[in-house]
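Below are two complexes that have subunit A in common, paired first with subunit B and then with subunit C.
Coming up: the complex of A and B.
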């Protein structure tokens, strides 16, 4: 009845329930973190801009200057970030095109400043990009060690694409 | 392990695990290390199992005292009530 294995089983079961509880508490504790991330995105250059197979495509060089250190808590595994160009066309109220992404594995590397050309193609569905105003937005997903994933974004100032292909 | 020992073992197991979990959580939160929390808790589980799972002598301090066999013989079991028997059964028994 109250044998060695019975006690071992009871102990392991109870310890796993408590483990789940403290992981839940760890996830809950993330709510007390009030992050204050700062991001600065700047378009430095329009490398080229043309129409291919009826769709506008543009290549940009832009700078990303971000301080996401305050997003890290003790329960954060890594942060996924991506830069998206967002604009409006007659057909779609919101177009989002991912231009660059990255994974921030630690708090130390969460403050960075880089200059990149778009990693993924900035192509429109159609030819709406001439003279089109667009926003560069930094999105991030905070991946916790346990529990709930948080996502947020910062929209930075608007730019305008050139009126002519080049 | 006797009855009292079983109760003690179960209570000890629960109290130790919960207090290790609380200690681990608070320490991990203050230090800011998830890994430390898990390590403290794992150590707590190992310690608790060493302490409460084996049949240690301190769980056997209240042994059950059974009646002596002589005492039991003085109060014999009442005999089996004789079931009402039919014709066939009674012949077979004889």
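Coming up: the complex of A and C.
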């Protein structure tokens, strides 16, 4: 009844339950953090804009200025941020195109300001981009050390693409 | 003679009862595990509510051996979400992040492009030949929760089956030898 194996089993079960409880509590504690991130996105330049294989494609240079330090808690492993262009076309109710992304590994690097050209191709399904207004949005995904993942976004500037290819 | 025969009979009957109760308790363990798994399937709406990360394509967020909890709701798929998808002709599902979404106005059908955080390029090379986009039916679920290291148990067991048999044997022995 109280053999060695039996005790080992009880000990293992108990420690696993405690570990699971601690993980659960760590994840739950994230709910008490009320972040106040600030973001500024600006389109600086349209590098080129053309139509290829029937699809419009554009290359942009934009600036990202963000302070995401308040998103970090003790249970945060890293934050994945990306800038997406979002717009509507007659065919599609929503087009979301990630233009740039990055991984913020620590709180110290969560306040940054950069100027980049789009890392992924900004290509439409069709040729609807001339004169098209779109929203630049900063999204973030908080990846925890353990437990629930959080995501949110800030929609910033609306920008209008040029009326002609260049 | 009568006395000895009685004792043998009682011993025999005890053993049979004990054996039966052990069989029942073993069955209870197996069925309760099955019930928990199926209940999770119902709650999350995903055919595999928990997946183990097998590759390093999402590092440093997800490492090999971490486990992810999936949820499949009718909410539309949006950029940035981490989805688990199946490609036709590939057995193992892939866990990557959505970077592009095109959602049709009339049908609501979506075209989705994914990429691993740690990969240089997008996933078109991983898709079936000539496939440009993922659609709704490829996607098994989106990752909502994360637990580190736990998946190593299954990785070790699938790679070294002996450990699995030893473990199952030890557990079975424990159930059979326990007397309450």
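Rule of thumb we're sticking to: the second predicted complex is superposed on the first by the 164 of 166 C-alpha atoms of A that agree within 3 Å, B and C clash if a C-alpha of one lies under 4 Å from a C-alpha of the other, contacts with A are read in each partner's own complex, and residues count from 1 in each chain.
By definition in this document, a contact is a pair of C-beta atoms (placed from the backbone, for glycine too) under 8 Å apart; a residue touches a chain by one contact, two chains touch by 3 or more.
Everything numeric here is computed off the predicted structure, so don't read it as measured data.
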First (subunit B), second (subunit C), both or neither touched by A:148: second
Which superposed partner A:74 touches (first subunit B, second subunit C, both, neither): first
First (subunit B), second (subunit C), both or neither touched by A:139: second
Partner chain(s) touched by A:84 [first = subunit B, second = subunit C, both, neither]: second
Touched partner set for A:125, first subunit B, second subunit C, both or neither: second
Comparing the two partners subunit B and subunit C, which touches a greater set of residues in subunit A: C
First (subunit B), second (subunit C), both or neither touched by A:25: first
Which superposed partner A:7 touches (first subunit B, second subunit C, both, neither): first
Which of subunit B and subunit C A:47 touches, first, second, both or neither: neither
First, second, both or neither for A:101, with subunit B first and subunit C second: second
Overlap of the subunit B and subunit C footprints on subunit A, listed as residue numbers: 145
Subunit C residues within the subunit A interface of the complex: 60-61, 76, 78-82, 97, 99-105, 108, 111, 117, 122, 143-148, 170, 173-174, 177-180
List of subunit A residues in touch with subunit C within their complex: 1, 3, 5-6, 9, 23, 27, 77-78, 80, 82, 84, 90-98, 101, 103, 105, 120, 125, 139, 141, 143-149, 151, 153
For the subunit A and subunit B complex, residues of the former touching the latter: 2, 4, 7-8, 10-12, 14-15, 18-19, 21-22, 25-26, 29, 73-75, 145
In the complex with subunit A, residue positions of subunit B that touch it: 1, 6, 9-10, 13-14, 17-18, 21, 24-25, 28-29, 31-34, 37, 41, 45, 48-49, 52-55
